[in-house]
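Next come two complexes built around subunit A: one with subunit B, the other with subunit C.
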Partner chain A sequence: MIFGFPPSFWLGLVVNGLATGGAYALFAAGLTIIFGVVGILNFAQGEFFMVGGFVAFFISQNLGWGYWVSLVLTTAVMAAVGAGSYYGMFRRLQRSPRAVEVGLVTTLGLSILLQNGFTILFGAIPRSPNNSLLNDNVVVGGVDTGVLMLIALGISIVALGGLHLFLKRSRLGLAIRGVPQNRELAAIIGVSSAKVTTTALAVGMGLTGLAAAAIIPFYGVFPTMGTGFVFTGFAIVVIAGFGSIGGAIVIALLLGVVMSVAGGGFSASAQDAAPLVLMTAALLVRPNGLVKRAVRAQ
Partner chain B sequence: MQPISHTTTRSRSIRYRLAVSLAACGLTASAAVITLSTSPAVASTSTVNVGFTLPLSAATGGLAVAALKGAQLVINQTNAAGGINGHKINLVGQDNSCNTVDGVTSAEKLLSLNPKPIALLGAFCSVSTEAIEPIVKRAQVPLLVDTAGNDDITTSAGVGGNNWVFRWGASNALSIDAIFSYVKAHTSIHKIAIITDNTAFGLDGGNDVVAAAKAAGITILSNDALNLSDTNFNSVLARVKAEKPDAVFDWVVWLPGAVNFYREYGQDGLVNTPLIGGLEIDSSTDAIFKQYQIHGFYDGMFTSGLKTPGAVSFEKAWLASGGNAADEGTAYDGYESAQVLVAALKKAKTLTPAGVQSALKALSYGPSILGGTIKFDAHNQAHDNLTIVTYKGTSASFVGTTKS
Partner chain C sequence: MTTSEHSLLSIDPPVHRGRLAKSSGVLILLAIVATFPLWAGSDYYVTVGTLVLTYAGLSQTLNMVYGYLGYMSISQVTFWGIGAYAAVKVTLDWHVNPWVGILVGSLITAIIAVPFGLLSMRRSRNAFAIVSIVTMLFAALIANDWQSFTGGATGIINLPEPNIHLGSISITVVDERQFYYATLVIALAVLAIVYLLVSSRWGRLLKSIKADESLSASYGTNNTFHKVLNLSIAAFLAASLGAITVFRVTVVDPSMINFYYVAPILGMVLVGGGGSFWGVTSAAAALTIIPEILRMTDQYQALFYGAVLMIVALALPEGVAPTLMKRRQASLARRSLHERRRLEPSLSVATSPLGDANASASVAAGGSPAELDIDWSLVSGDLQEDLT
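And then the complex of A and B:
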């Protein structure tokens, strides 16, 4: 027994934390890619996550095409939304002499607009797509875990692996990593800012959509579902260091576990406080992020 | 067990679900005055105005509209019977979006009506109600509070406080005490886990649950205040399950997260543990309760299983007016508010705010729909009956009433 509970209880919390952390990782990777390339903190990322959830619900439930198809199509739809958002919004914001401030206010306004607009259109009540695996559990090593949770974790691992290959092996991936480090130099050597930014937004939003599609069978879809995610997502990005994609993924998984253990081992309040406490501590110890340097050095 | 639609059993739940309007208040908070009666906002000299502040906007707007219609039903009946000493009543509804800012605005708009309202009804949500309290005190117009549950509304009213605020609905403390009375008398529950949310309502109720449980000699294994904007409660529920409580006491506001909480309660295998307290069982959660056959009991105000003369009369009048059964719970809140007010108006020596205040202080109205008597104590808090309902899945059974 550890603190009054068997080891399997704590292992269960870790698995739950990894599953949630996987979704956080997709979300935070998208957030940090967009910030790194666009240079604007997208406060509407949580609402794009929500939009992804509604798209996934529509595909899997209304169209009846199921969970797996919804994962693929939602990623594609949200990637298209991301690419479109460059021409519809981010390009204009980038041209502003006060792009950071204007971008912050604009994306904040967009988040309010989307959240309330979806509330008016669809109501505030969560809805979950039917999924035959929803109540299936597996017991591995005494740890009782939901099958869908494990699937969501697997999806995150595969997607993050794909992201890693894309960023490391493709020219566009290299550009996405390079632009945040030196925009001027990237432009001088012929890297197209528009193409890189569009791709970054497509990748970032696509990952966000995938995260939403992966988890809605057990968390449901509702207009305010992005609120909790965006705060935790920002905490992850701050702790990792702005623009650090690998760092965001590592921190997201760790934070998912820490939050799960804090909630299960202590209290719901501890679970909520964990990201903010860790973010404050990280800012005090390493204001530029815990893992930013290490990732950049790769 | 008599099947009863949960959608009509939880009038009390309505008061809390309004917090959801917070999510939508940014764009949807309406400044529009809604007047259901045909009377113009500026009434004739033989008409007295009564304001009703409630969260008409956003996702819960339909529920609040049902409450307003319930109140209008009483006003129409009263006017049809000749009014109060020949004076017709003009009921004016105003949206408060269940937040402080719009709550204040709604009260100020209502108080600016010509003629000045002789009383206000409302405000459903505790946050709006508490924001309005100083305004009605300044304006010296009585506020008859309905379902807002926070204990502060009682403690700050009446003796030594705000003499213009009266509450006929039960406070959180009264509701929770009633549940523990039932626990002690009818169950073998000795240890509980408490789950509230971290809103003012949830935390206020959580303190009451702790106090009532200790007074009843019940062991508290854990006490968690959930952030209902979160989606993942699995960790907390895994611990609660491992603690093996006899029951989980739930006191959560209606927010989207509450739906996830109930779903995860079922998924995480807690279905054999009774879920008791202030449940949010309605059309949004019915399917979850049915799927996982979650069971337990809760207290509330109006339920369709209640067959007091007042309840039968209310249901008949409501359905005859074109109201639907699903809205009965919310309509009851408005209906009973207006009934209490009209009873006070009939006793008032003058149809002025001060006259209504005096009449409310001396009022002894009954039998209420719940079969009790509404009489305000030194803190202007009434102690009507509450209903106890047991449930399993979507089947509920009216057990009886208990004194609050």
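And then the complex of A and C:
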């Protein structure tokens, strides 16, 4: 017995936490990649996540193509949206002499627009796509766990593995890691800024869409679903240190577990407060980020 | 008087020429604002007037931190909410007059802002923006969840009236018109304090920190001290506005700490142009009144403010008012150059065959007045702030 509950109860919370933590990891990795390459904190990332959720709902429910198809298509659609957003918005923002501030304000405006626009169009009530696996459980290590949560965790692991390979093995991935380190040098040796930025946005938004598509069967789709993600995502980025992709992933998984344990074992308030408390602690202890080794002057 | 000295002076007239017009303009504006409830017609217009005053003050506190110091502070809404709660708690728990509560609550908020500023302003401006966003959520969470202290989601209702009793004098503050004047007192105080601070020596120090932190530190400025002091004062002012607002609506609940208030004030500062006092004040009035004229519901108001944020940030990142000001100043500078040429025939002989650009380039080394014209256009963004 730990705090009046059997160990298996806590283990179950850890598994649940890893499942949402996986979604947070995809989300935070996208946020970090976009911030690193584009140089803009995308406040609207949460709303892109929400749009991804609606797209996935439309594909799996309205078109009736099911969960697996919705995963692939939502990723593709959101990657295209991300690439398109470069030409529609981010290219212009990048050229601004005060890109960070102007970018934050613009994406904040976009997030308000999308959130309220979707509320007006679709209403605020959460909806979930039908999924035959919704109530299925399997026993993992003596713990009852939702099959969908395990699937979501598996998807996150596979996607993060793919991201790792892409960043480490491909030339574009190398450029995505290199540009944040030295923008001018990258330009000098012939790395195309437009191409790298478009790719980073496509990857970042694609991951965000995938995260949404993976969790909506048990999380639901609603216009404000991105708010919690963007706050947690920002906290993750601050804790991990700006621009550290690996750090963001580790912190996201950790935070998912902490939040799940705090929520299940204590209270919903503890769950909501966890990222904020950890962020404050991280700022106190390691103001330059827990994971990041060197800090780029900003 | 040498030629270069003379040319320096002749740049000045556009500045002084406007001073009389400006002070009489301010007096007329004050007269309108002070008498507004008397001729406004219905209570609805008075309420809109109160909103304009509130938003003018609140956006000006954001202007202090963002426009003049360069730190994008979502926290102004956090502070305004904390101030509201603190004022109510002090009033109810200490059994004091609401005005005492407002003052003490604002002081408490200013004190809370100090550790927050020390913690969040020591890293980059990006980090501050994010931390201020996340802190807002944290404050909203506390307001929602700490049932016994904040009253939870329903908040604290039936707040007392901020009546004033001074000996034999009693002023009741109950209806819309009286609250308009109560808000007017606080909002004018906020505007005056912000104006005096930003146009003082200290205001220029803030601008130097905004322009280049390491450079100003190298001149011996204690950046952290001034940044946190600025944030703390802005928190005090925002808190006083939040406090009078909750006494007006007689309830304080977690909706005070919400993005609902962030978008409008950010929009006002952006449209008016950060670092421009009158620009932000006029933008606050315009952006409060437009949604009311269009009778927008909350949802459409949010859409409106979101669109304003996007359009202004993308199309006119310097703000609407500064862009207009810049144009006007460029034309004023051009006119003063023409006048100088008329008065000094020798100058027109020197410059006219070559045109402006060539003239300034060719005589730059000699310190000719024409050179100043070029300087003016380059620095007009900063000079314009000193003019306001």
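Worth pointing out:
By definition in this document, the second predicted complex is superposed on the first by the 293 of 298 C-alpha atoms of A that agree within 3 Å, B and C clash if a C-alpha of one lies under 4 Å from a C-alpha of the other, contacts with A are read in each partner's own complex, and residues count from 1 in each chain.
Operating definition for what follows: a contact is a pair of C-beta atoms (placed from the backbone, for glycine too) under 8 Å apart; a residue touches a chain by one contact, two chains touch by 3 or more.
Here the structure is a predicted model, which means the values were calculated and not measured.
With subunit A as the common reference for superposition, the partners subunit B and subunit C occupy clashing space. Once chain A of one complex is fitted onto chain A of the other, the partner contacts of A:116 extend to both subunit B and subunit C. Within the superposed three-chain model, A:68 lies out of touch with both subunit B and subunit C [touch as defined at top]. In the superposed model, A:9 makes contact with subunit B only, not with subunit C. Contacts of A:20 after superposition on the shared chain: subunit B is touched, whereas subunit C is not. Touch criterion met: A:225 reaches subunit B, while subunit C stays clear of it. When the shared chain is aligned, subunit B and subunit C each come close enough to touch A:269. In the superposition on chain A, A:215 makes contact with subunit B only, not with subunit C.
Using the contact criterion defined above for the overlaid structures, shared-chain residue A:279 touches subunit C, although it does not reach subunit B. Put simply, of the subunit C stretches 271-279, 289-297, 307-315 or 325-333, the part that bumps into subunit B is 289-297.
Note: residues 112-113, 115-117, 119-120, 268-269, 272 of subunit A belong to the subunit B contact set and to the subunit C contact set alike, using the contact criterion stated above.
Contact residues on subunit A toward subunit C in their complex (touch as defined above): 41, 43, 89, 92-93, 96-98, 100-102, 104-106, 108-113, 115-117, 119-120, 231, 234-235, 237-238, 242, 268-269, 272-273, 275-276, 279-280, 283-284, 287-288, 298. Residues of subunit C touching subunit A in their complex: 70, 72, 119-120, 122-127, 129-131, 133-135, 137-138, 141, 144-145, 259, 262-263, 266, 270, 299-300, 302-303, 305-311, 313-314, 317. Residues 20, 23-24, 26-28, 58-60, 195, 198, 222-227, 229-236, 238-239, 242, 255-256, 259-260, 263-264, 267, 269, 284 of subunit B are the ones that touch subunit A when the two sit in their complex. Put simply, subunit A touches subunit B in their complex at residues 5, 9, 12-13, 16-17, 20, 112-113, 115-117, 119-120, 123-126, 128, 134-135, 144, 146, 215, 218-220, 222-225, 227-228, 259-265, 267-269, 271-272.
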